Amino acid sequence: MKIGVFICHCGENISRTVDCPRVAHFCEGLPGVEYSIDYKYMCSDPGQKMIKDAIHEHKLDAIVVGSCSPNMHERTFRNAAVSAGINPFLVEIANLREHCSWVHDDVEAATEKAIELVRMAIEKVKRDKPLTKIKVPVTKRVLVIGGGIAGIQAALDVANAGYEVVLVEREPSIGGHMSQLSETFPTLDCSQCILTPRMVEVYQHPKIKLLTYSEVVKVEGFIGNFKATIKKKARHINEDLCSGCGLCITKCPTKKKAYNSFEEDLAFRPAIYVPFPQAVPNIPVIDETVCMYYKNGKCGMCVKVCDREAIDFEQKDTMLVADIGAIIVATGYKLYNIDKKTFDSKYKGYGEYGYGKYRDVIDGLQFERIASASGPTAGEIKRPSDGKEPKKIVFIQCVGSRDPSKGISYCSKICCMYTAKHAMLYKHKVHDGEAYVFYMDIRAGGKMYDEFVRRAIEEDQVKYIRGRVSRIYEENGKYIVKGEDTIAGVPVEIDADLVVLATAMIPHDNAPTLAQTIGIPYDRHGFFNEAHPKLRPVESTTAGVFLAGACQSPKDIPESVSMASAAASKAMILFASDTLEREPVVAKVNEDLCAGCFYCKKVCPFGAIEVKDITDVNGIVYKEVAYINQGVCQGCGTCTATCLSKSIELAGFNNEEIFAEIAAL
Amino acid sequence: MICREAQTRKADKNMSGNALKDTKKLQASFVPPTPSAPDTAQEHSETANQKHIRSIADEITEKTFQNVSLCYQCGKCSAGCPVRFYMEVAPNKIVRLIQLGLYEEALNSNTPWLCAGCLTCSTRCPNSFDLAKFMDAVREVALEKGVEVGERDILNFHKAFLDQIKHHGRSYEVGLVADYKMRTLNLLQDVDSAPGMFVKGKLSVLPHNVKDKKSVKEIFEKTSIKKNQTPL
Amino acid sequence: MRFGYYPGCSQTGTAKEYDISLRKVIGKLGVSFDELDDWSCCGATSAHVTNHKLANALAMRNIALAGTQGIDNVVAPCAACYNRLVLSQYETMHHPEIKAETEELLSAKFTQDIKVMNVLELFMKIGLGKIIDNRKHELSDLNVACYYGCLLVRPAEITKFDDAEQPVSMEKIVEATGAKTVDWNYRVECCGAAHSIARRDIVIDLSKKIIDDAVDNGANVMVVACPMCHTNLDMRQRAMKRVYPGHKEFPVLYLSELIGLSLGMNEKELGIDLHYIDFKYDGNILKNTVA
Amino acid sequence: MTQQKWEPKIVAFVCNWCTYAGADLAGTSRLKYPANTKIIRVMCSGGIDPVFILKAFERGADGVLVSGCHPNDCHYNAGNFHARRRWDLFHKLLDFVGIEKDRLQFSWISASEGKKFADVITKVTKDIMALGPFKAYQNMNSEFTIEFPELEAVALKEMLHEEEVSDGRA
Amino acid sequence: MEELRKYAKELLEKGEVAAVIGYQQVNERRTKPIIVTDPADATKLVFNEYCLNNLSVYFTRARIRSLMRTKDKPTKLAITAKPCDVHSIIALIQENQIQRNDVHIISFYCHGVVRDFGCEFSGDYLASKCITCETHKPLYYDKIFGEDKVTPQASDKSLAKIKELEKMSSKERFDYFKSEFDKCIKCYACRAVCPLCYCQRCITDKTIPRWIESSSHGRGNFAWNIVRAFHLSGRCTGCGECDRACPMDIPLSLINRRMAMEVKDLFSFVSGRSLETPTLVGSFDKKDNDEIFM
């Protein structure tokens, strides 16, 4: 076998700590190595040409490239090899950058290590077998999880391209947090006015199957061939019969039994309800925990008044299974609840601000509802405790955000803007009121964003004070806000009527559970991880699963929408062809040697292993062996390690190859 | 940021030779105060053509096990400080001055001495910077350097208190007050409460002594502060 | 139940009554103390604000004594001592350098964590049920402002027994005596104890604010768990009257004294007569006489 | 490795999805850690055979690290759960036959834990340094020690190129 | 005894089973295995304290298995099994080596067997596994003979040895096992006698790549013995045949027993006790011990 070794300098990234010429020179002398060279940028066109030329000139059978992580350029070098006539699986990458030059300082030690890494790759490539990619069919249907603005946008984009969409929303209505907002920055246009037409479009779209009040409970399979199980929670309303007249809601005797979560607990709702008037679908839900019928079997008022007989107390949760080709996750965020937390909680509370204790210390979404014309105060600014109009209002930014001691280190990105918006909305409605904003930094990057903040300061006379607030306490119906103006260097105290805390954006509590269900990674906060922070921001590391909106990190509406469209187009790229090529890293059983213990079948996470009968000449079954369905196998190799007689091999990572790597140490 | 730009601008002016009386020239010593490895220190000396001296920020880091750069100047500490109104400079500014390498201003102010060590700032700091501990270290450094202390009386009280412990192992209030008054010549303060205390039997005329007084004295001797380790 | 006991210097002088009442109350609840033999001063504020090594060594000397005397939990009734002991132990156990240094300095070995408890933890451990069971009087006409002060609950990550901003444990204990508690704002504010002598002006201001807020929120007595706080809030009221002529005297009790009252002991037994501001509790009738 | 100062040889078997990506992140973040560890990539921690570890010891490794995705985060859903049982038992077995516990270490490192990767490698290197060279295992038969390089080559050959008899593939 | 012979004869005559795997007396203190296919030979069958062999190993032998695969009608195999041998059969059934329907278990109340042929049946010469044995009555059977008797008292020397080893330092333990494994001559008697070593080609015989060095030198011996013990961890039922078979007296079952103790501690699992419980290998619990992972 003739092997070519190519050592990349990566500009200076590798060569600064690894003596690349020495590595290349050392490899020249190794058995099997026909050709060895180093070059400044192997991934560049001249670099790739160098590889191709060398393959032709020296009649190489396999190549080893010492460069960056295989996650970066493995594909580049494989393609180069293929165009020169080498099987792509006879290309091995030695990770000299991420695993060597970037993490070590000592040139001698790093060079030694680089040589060993390349040697390991050479030994492996010697035993690599040519493999061909596996073709699998693609189901051209997208599952969109989350019906906020990101999910709506992604669903509409995909559906308008002519592909089917299943849109799953946990709440009774789509719309998400955007439907709760009063106005949006920096244009101050009405949030619901621009959102509701989109919601209706989703509802009426023939290609979109809308499943509200539903959750994804299981995802199996792989890119192009997922199988999703969706739990449709019982609404106790027959959706086909309900006309959405709302009579049941007005007649329900449990008027104020439950907090209205759409109004951020600033109002109440009955047991049977639609979250808000423009809800899509406009079909109520019965809350079993409140409904009298479920408590004592009596009432049934809604049944009596519904002339379409749509109420169904006996309705049960149902499970739906859908074949899916790609998944777009758009589950959004929630606001950091700043009430008191326990010692073992990931987050700590804000006892010093008395949230949860003082009714007039509220969070941003609550203020949105107070400012909203459709909200509990019909758009008049009134404080929750006594309904009086606050004449002095204090906004505090970075509550939770940028506060590692409370558990959140990141900037929530949208608070600077929405606080400016809140202050303006307040000043527009309470002309004689005073508005103060405590901030640490103003982060208003974006088109017309900084101008917006300046408008609040210059035109609307909002007082911005640079400094964090230390404490809030109540004194005679006023809230004493203790802060320091760090620019003037003077302590300040404001006796406010209402305090609005711009609390952090955090992922939903069950985001990690969903991530585990789908099989995508998430960070320590619970935000889903993108495949690459710069170049693959809308893809998860799991092929065929894309991310959109604030479930990936804090985002405002335009960012969520553009990310959703990007995710949609990623899914459509996948659907552009009928079949999909998959890495041929799959396991195979040596049937002669298989002892038929089927431990492999027990450990296989994908159910790819079947029982196969081996018959003798007389047609009598004389043994049973394991058989691996190549279409289902995902190539984890758990079976190979479990197999006692070592009768299973994983293509591309077979035991001989790994032994060779160990031996090269 | 504004403050720093202004300082730098002033520093530039200073370079042109026309030194203003209040110009603060920022030194290289406000680079991250984590103890640097020997090789990088050498590199530093080569480039800057001066030896890397252990800065006061370094000393504070060593004493407190925390990086001075942790403070991002949000001001929550100053906002909640109960004795903020009596201070010349806000507590967060003291950290800023140390971060900038303007040690004299920081050490001369009365702020560290007025700090009551109530831990309000440390408890509420969003970036988990223990400001109270930082203030302890600032005072300690000030004593080591022999800097003129902004609050003489408070220091005298601490000295008097520690003297009592050094000699008796426990604090002895009568001796403490007498010692403090001798140091400050503030003879009339507290005369209103002392007789009452005697009457109520709260103050004993004789000190309470620890049996093993020697061991306590030894602690004092072994940990005594060495003055003027390096110039300011 | 037995606990180690570190009284602290104040307990032998200005806070005699705290010591007396605490010992009597726990005796009644069937608990006893093993006083740490030959304990010395924890170093208090004066040590840690001027010399961190000294502060550490002075506090750790007592922890070392507990270790050699086979005491694995120590009650430090003074909030300042408690805070010094807990913090020094935390620092020592979490930084190997400090540990080695302190061990050498004191010729001792710190192998185990000694649990240092404040007086709130002590009563929580004894159990509120015990107080209720032994209660002679329900102090229901007392509206108590529970004053934690600064050092009792901070820093919460290290003291780990109650919330640093909105603590509840003292209220729970006080409510076990049948007294009512008021919600007020200065529960964890500092009284400026360290400057009690050198900067009396500051202390008077801070203490005045604390007392005023308690009164504004309807309290008729304040309960503290720290001799420093008590000195400032009780003794300094005389000076307060001179600075703020309208100031009305306001009784301040130690937690142990309040519990003692509910257990049926009288003011004299508990040493309440040693306070500057007189406080008499007779059966169910509150007599707050101005001296 | 240089003669004068002994440097431990450590092998890390890591899964492709979490720990390998975590190691990449350590690189992109320019975190520093000792250069003694060589990484062998497999698809899943569930696919690492205990014999790999024995082989590594035989081939002169002084320590081995096995690392994969955190429980519940496995790219293949359950591979690491099977691995966890396997490694727990194997670790106990090696301990019982007298191989120091720290020679073989395990960790869960996710793709976002570059810092943890660097910390773990540093810790493992430190632990192995403290234990010293694993001569006891490597020198088990003197004829195969490093002093006879030609025999070493024979051993290598035996390990990899011995003629196949029953696979029918020779 | 006569009952057994009569019963076996009937089974064979009725054609319910293709063969009876049993014991045959050699001399007063020795038996040997016999495969009875002719009903007339049923009279040779015996059962007593000298029936040491774990006959379930024969289920894994191709020649015996072929008896079941006659062209016209597949038949069962009968086996005379001690209660502890039944554990092995359970393990084999769980590992798909034999179906429960294909095996007819003839078992006995057991009160222990001797350590080796030629020994007198008493506490001093009781087989090690019998000392702590709790299954005097088999867990699964199709026919049972005999009556429950008391097992002689004996001291548990193997447990004492395990405890002794646990107290040693790593180095001492390493030296101990090295010296024990050094004795190995790679005869693979342990493998041949083990009912659970049924692989058609053992890992040690695999040559591309070479998993375990085949020469009987220190390293090869160490690797072989570790892999053998590891492959049996969570599977070994503790029949102790490996110990009896080893010509070099390597304490093989000592390691097996120690691993079984670990398995019980960590996962509350004992191999070969229940057909319903999932096997240890091939199942997991999300709450499994996570201690060793950083």
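Order as written gives the chain letters A, B, C, D and E; numbering starts at 1 within each chain.
The criterion applied here is as follows: contacts are C-beta pairs under 8 Å (C-beta built on N, C-alpha and C of every residue); 3 or more make two chains touch, one makes a residue touch a chain.
Computed from a predicted model, the values in this text were never measured in an experiment.
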Intersection of the contact lists for chain C and chain E: A
Chain located farthest away, centre of chain B as origin (C-alpha): E
Innermost chain by mean C-alpha position: A
Chain pair with more C-beta contacts, A-E versus A-C: A-E
Gap in Å, rounded to a whole number, between the CA centres of chain E and chain A: 52
Distance from chain E to chain B - Cα centre to Cα centre, in angstrom: 75
Chain centre separation (chain D, chain E; CA means) in Å: 33
Centre distance in Å when chain B and chain C are each reduced to the mean of their C-alpha atoms: 27
Overlap residues in chain B, where contacts from two or more other chains coincide: 120
Per-residue overlap in chain E, given as positions that touch at least 2 other chains: 201, 203, 206, 208-211, 281-282
In chain A, residues with contacts to at least two other chains: 352, 592-593, 603, 642, 646, 655-656, 659-660
Chains grouped in pairs wherever the two touch, ordered by label: A-B, A-C, A-D, A-E, B-C, D-E
Complex contacts: residues of chain A adjacent to chain D: 69-71, 95, 97-100, 102-106, 109-110, 112-113, 116-117, 120, 512, 515-516, 519, 521, 523-524, 529, 541-542, 585, 590, 592-593, 603, 605-606, 634-638, 640-642, 646, 650, 653, 655-656, 658-663, 665
Residue numbers on chain A that touch chain B, as the complex places them: 352, 398, 402-406, 440, 466-471, 482-487, 489, 491-492
For the chain C and chain B complex, residues of the former touching the latter: 9-10, 12-14, 16, 38-41, 43-55, 57-58, 61, 83, 95, 105-106, 150-151, 154-156, 164-165, 188-190, 192-195, 197-200, 202, 206, 235, 238-239, 273-274, 276
Residues on chain B engaged by chain A in the complex (per definition of touch): 2, 72-81, 84-85, 89-90, 92-93, 120, 124-128
Parts of chain B lying in touch with chain C, wherever the complex brings them together: 63, 65, 82-83, 86, 114-120, 122-123, 130, 135-137, 139-140, 143, 151, 153-159, 161-162, 165, 169-173, 177, 180, 184, 189-190, 192-193, 196-197, 200-204, 208, 210-212, 215-216, 219-220, 222-225
